[in-house]
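In what follows, structures are represented as C-alpha cells.
Shared between the two complexes below is chain A, which pairs with chain B and chain C, respectively.
Coming up: the complex of A and B.
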C-alpha cells in the first residue's frame, strides 16, 4: 500500500504529471502575456504542448562526433531530477515527502538539470556548445551564492537560535506567525530570490548560455527530436519548481483547509510570481554579457540577500 | 492517441530557420516584418530557431551564389525530418535579374524539392505569411506519411 502511495506521489501528484502540466501551463501563460505586452496577439496558451509533441515526432539526429550514451542520457537525467524536486516542495498545507534537511536536498537536485545540460552539450562535440557550457557554468556559480544565502536566512529566521532546513517546519512556522513576506527584514531576501529565478530558468536578460541569435542556443545546438523535447520540457518544469519554491518560502502561511483548493491557490501564487520575475523582465530587457551577469549576481543580488541575513542574525 | 496528437502538432508549431544565399536583404527584411507586432507570425506558432537541428521550415532567400551553394546543401541535410523548404522572392525561383551570371548556380529546385514558393521582388509580408501557413499544412501531411 505504501509503495502504491509513493508511486502515486512520484508519477502523478505532485511528481511527474503535475509538474509537467503546471510547467506547460505557466510557459503558455508566459508567452501569451509577453505577446500582449508587445501589442501582439500571441500564440495560444497550449502552444508549449504543441511544441513538445511536435519535437517528439521529429527525427533524432546524433552527430558523428558525439558521445552517444552521454548525449542521450543527459536529457533524461535532467527530466527525472526535476520530477523528484517537486516532491520536496510543500504545496501550502500538503507535503508528499518530508525530511530533516529537504532544503539542502532541493539545493542539490536543482543544480542537476544545469549539470545535465553541461554534460549533454559537451557530449555533442560542437564548438557552439563549448561556448554555451562555459557560460552555463559561470551562470550557475553566479546564482548559487545568493540562493544559498537566502535559504540560510530563511533557516535562521524560522529556527531562531539554530538553523532549520526542514520546509515542513518552515511551512508550519508561517502558518502560525504569518507568511515570511510580511516580515520587513525578509523583503531584501525575497527580492533577491525574485532575481535568482530568471537566471535559474534562463530567460531573457540572463539567457547568456542559450543565446539563440548569438551562439545558436549554446548547449542545445546539436539536439533534435525527443531529447530536445525533454530539455525544453525541463526548462518549463523549472518554472513551476522555482516559483513554487518561492511560494513555499515566502507565502507558506496561507491555508485553505483542502488539498484541492491549496493546490489552486499555490498555482495562482506561482503564476503571479512568474508574471513579476520572468515575464516582465523578459519583455522589457535585452540580454546581458556574461561578465555583467556574474558581477550583478555577486554584488547586487548577493548584497540584498546578505542585508536580510544580517538583519535576521541580529534578531530583527 | 499520442500519435494523433503528434501529427496534429506538426502544423501547429513550425519553427523557421532562415538561410540567406546571397540575397540583397530585401526579402530578409520582409521575413522579419512577418514576426513584428503588425503581422505577428507567432500566433500560428511560428518561431525563429537558432539552429537548423531545431527547424521544421527552411526559408531560403537569394539567388544561390556559387559560394553559398555547398553551405545551403549542408544546412538542408542537417535538418531533421519532417521538413519543408520555402523559397522567398523571385531569386531562388528563377534567378531574377541575376540569371545567367557567372556567380549564380540556381535555381533552388535543382538541389532540393521546394514545397512552397513565394514569388515577388520582394513579396509582401502577407504573401510570405500565406506561404509559411501552407508549408505548415504540408508539414502535417509529411508527418502523417512518416508515421505510417
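Coming up: the complex of A and C.
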C-alpha cells in the first residue's frame, strides 16, 4: 500500500505527470498572453501539448559528428531529474517526500538538466551547439551567485540562529509567521529571484544560449524528433519548478486546508509569478549580449540579493 | 603483532625502492612484479589497521629500538598511528596502488624506468611515514624525502619542454617551505628540548611564548607551501603540466594532502590553537582565496593538465577552508573532501593521461576534440570525474562539499560573523565555476568535431582503463554511501584530532595528559544532513523505468532512430545554414567568452602576478610567510 502511495507521488502527483501537465499548461498560457500583448490572437493554450506529440512522431536524426550515446541519453537525464525535483518542493502545506533534499541540494539538482543540455549539445558536434553551450554555461554561472545568496538569506530569515535549509520548515515557518513576501527586508531578494527565473528557463531577454535567429537554438540545433521533444518538455517543466520554488520560498504561508485547493492556489500563484517574470519581460525586452547578462547578474541581481542578506543579517 | 604494521609498511616501501633499483632496471616483468607486490603488501598492512585504529579507536605506538620515554621525556623516535594519520595514509596508499597499476600501461617503453619506480616508492614511503610518525623531526625528514622524490619525478621526462624548469621551480619553492618547517622545529626544540609530538602537545598548548609563536607561524607557512595554498601555488601548474600522469595523480591527490595533514596535525594537536578566532579567520581566508584564485585561473587555461593543476589548488582551498573553521563538522567535511579529491582528481588526471598517451602527447585544448567517438571508455570515466569535482549529486564531490557548505554556514550563524556568510557564498559559487571549466574540457576534448590529425586515435589499453573504472565506481559508491563513509571512516579521524589526551597518554603513559593539564576540545558531533542519495537514486530509477516503459510501449514505426548511411550523408551532416559543412570545432579558447570579458581587469592583474620567474615566486613565498607571522604576533599573543 505504502509502495503504491509513493508510486502515485512519484509518477502522478506531484511527480512526473503533474509536472508535465503543469509545465505544458504554463507554457500555453505564456504563449497566449504574449500574443495578446503583441496584439495577436496567438495559438490555443493546448498548443505546447500538440507540439510535444508532433515532435514525438518525427524522425530522430543523429548527426554524423555526434556521439550517439551521449546525444540520446542527455535528454532523458534532463527529463527524469526534473520530474524528481518537484517531489522535494512543498506545494503549500503538502509535501510528498520530506527530508531527502533541501534548498541547497535542490540548487544542485536543478543544475543537472542544465548540465545534461550542455552535454547533449556538445555531443552533437555542431559549432552552433558549441557556442550555445558556452553561453549556457556562462548564464548558469551568472544566475547561480544571486540564487545562492537568496537561498542563504531565506535560510537565515527562517532559521535565525539555527541551520535550516529544509523547505518543509521554511513552509511551516511561513504558515505561522506569514509569508516571507510580506517582510520588507525580503523584497529585494524576491525581486532578485524574479530576475533569476527567466535566466534559468532561458527566455528573453536572457535567451542568449538558445538565440534562434543568431545561433539557431544553440545546443538544440541538431536535435529532432523525440529527444528534441524531451528537451522542449524539460524547458516547460522548469517553468513550473522555478515558479513553484518561488512560491514555496516567498508565498509559502498560504494554507487552505485541503490538498486539492492548495494545489489550485499553488498553480495560480505560480502562473501569476510566471506572468510577471517570464511573460512580461519576454514581451517588452530584446535579447541581451552574453557579457552584459553576466555583468547584470553579478552586479545588479546579486547586489539586490546581498541587500536582503545584510538586512536579514542585522535582524530586520 | 599489529603494532609492527606501520613500521613494516614504511620499511617495505623503502626496501622495495632499493630492490627495484638493483634488480628491476633491466627486466620489465621483474620491475613490475616488485612494485606491484610491494604496493599490494603495504595496502594490505594498512587496511588491516582499519579495524583496530579507525573502528575501535585504538592508538598504536611504536618506539624505534624500544627507546621508551625516560622520566617523562621522550628520547627516541616514536611512531604513533591514530585514526587521523591512518586515514591520510590510506588515502595515500590507495592512490599509489591505483597509480602504479596505471603506470604499467602509461610508462611502457620509457627509459630509466628502474629509477622511476625507485623514486615512486620512495615518494609513497615518505608520505606514509609522514602520516604515521609521532616525532616532529622525523616528520621533517619525511617531508624532505617527499619533496626531493617529487621533484625528481616531476622532471622525469627531461626531454620534454619545460620539464627541468618546472622541477627547478618546484625544488626551490618547496625547499624554502622545508626551510620554514626546519626553522620552526629548531625553535621548538630550543624551547622545549623534545621533539615528540605527544609530549610537545602538553607543553605548547595554550602557552604561546614569542618563540613558539614564531615557530608556529613558520610551521603553518611551511606546510602551506607543501599544500600549495595561494600564494605558494605557483610551482604546481608547471609541475603538473610536465609530470607523467601517474605522478600528476599522486602529486595532486596525495602530496598536497600531506601538507594539509601536516597543517591539521600541527594546528589541532601540536599547538591546539584551532579554538582561537584569529587562527580560524587566518586559515579560512587562505582557504577562500586559494579556492577562488585556483578556479578562476583554471577557467582561463588552455592546457589540459595545467587546467587540472589549478583545480587541485582550488580543491585544496576547499579543504583548508573547512579545516580552518575549527568545528568538527568542518573538519569532517575537510578530511572527507581530501579523500574524495584524491579519487576524482586522480581519475581526471588519469583520463588526461590517457588522452595524452593516445594522441601522442597533445594536451593543448585547442588542438583536441571529438575524442569521445574514439575513446568512449575514457570519456565515461572523465565525465564521472567531472561530475564529481563539480559537485553534481549523487557523486562524492557533492557529498563532501555539502558538508563544507553546512559547516561554513553553521559557523556563520553561530559566530554571527558576516564574513563566514561571504565564505559560504564563495564556496557555493566556486562550485559552479568548477562546472564551467569542466564543460570547457568536455566540449574541447571529448565532444565537438574530430580533427584530421587525431583520426587514428585508439582507446587506451586495458591496464590504464581498469584503474580508471575502479576510481569511477569508488566516486559513485562514496557519494551514495557518504553517511557511512563520513561516520565510519572520517569521523574517527576527526575525533582523534580533537581528543588529544588519548594520543598523549598512549605515547607517554597513562595520566600524562591529565598531569600536564591538557583537556580535549569540545566535540560537537552533529552531522545535520537532509540529503539522501539513496532516496534520490530510487526516485531516479523509478521515473527512468516508467519513462522507458512509456517509450517502449508507444514506439512503433514512428520516432525510430535512423542510422547514418552514405546515401543520405547530407541529411546527417551538421546544420550549416544551407552551406556545405566544413570542419569547425569550438575549442577551449573560444569558450566562456562572456565570463572572461567581464573579468578582464582581474586577469590582467593575475597575468602580472604570475610572471613565471622563480625570483618573483620566491619573494611571494617569503612575503606571505612574513604576513602570516606578523598576523600571529599582532592578533594571537
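Everything below uses one rule, namely that the second predicted complex is superposed on the first by the 314 of 316 C-alpha atoms of A that agree within 3 Å, B and C clash if a C-alpha of one lies under 4 Å from a C-alpha of the other, contacts with A are read in each partner's own complex, and residues count from 1 in each chain.
Please note the rule applied: a contact is a pair of C-beta atoms (placed from the backbone, for glycine too) under 8 Å apart; a residue touches a chain by one contact, two chains touch by 3 or more.
Please read these numbers as outputs of a predicted model, since none were measured by experiment.
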| item | value |
| --- | --- |
| Partner chain(s) touched by A:175 [first = chain B, second = chain C, both, neither] | neither |
| Partner chain(s) touched by A:61 [first = chain B, second = chain C, both, neither] | both |
| Partner chain(s) touched by A:29 [first = chain B, second = chain C, both, neither] | neither |
| Touching partner for A:283 - first (chain B), second (chain C), both, neither | neither |
| Which of chain B and chain C A:38 touches, first, second, both or neither | first |
| First (chain B), second (chain C), both or neither touched by A:125 | second |
| Chain B versus chain C as contact partner of A:16, first or second or both or neither | second |
| Which partner reaches more residues of chain A (counting touched residues only), chain B or chain C | C |
| First (chain B), second (chain C), both or neither touched by A:275 | neither |
| Which superposed partner A:223 touches (first chain B, second chain C, both, neither) | first |
| Overlapping contact positions on chain A, where the chain C interface meets the chain B interface | 56-61, 128, 216, 221-222, 225 |
| Complex contacts: residues of chain A adjacent to chain B | 31, 35, 38-44, 47, 49-54, 56-61, 128, 212-213, 216-217, 220-225, 228 |
| Parts of chain C lying in touch with chain A, wherever the complex brings them together | 370, 372-373, 376, 379, 383, 387, 390-393, 398, 402, 405-406, 409-410, 413-414, 418, 421, 424-425, 428-429, 432-433, 435-436, 439-440, 442-443, 446-450, 528, 530-532, 535-536, 539-540, 542-544, 546-547, 551, 554, 558-564, 569, 571-575, 577, 584-586, 590-595, 597-598 |
| Touching residues (chain side chain B, partner chain A) in the complex | 2, 5-10, 12-13, 37, 40, 42-45, 48-51, 53-54, 56, 78, 80-82, 143, 146-147 |
| Chain C contact footprint on chain A (complex, rising order) | 7, 10-11, 15-16, 56-65, 67, 69-70, 72, 76, 79-81, 83-84, 87, 97, 99-102, 104-105, 107-109, 111-112, 115, 118-119, 122-128, 130-131, 133-135, 137-138, 140-142, 144-145, 148-149, 152, 155-156, 159-163, 165-166, 208, 216, 221-222, 225-226, 289-291, 293-295, 298, 309-310, 313 |
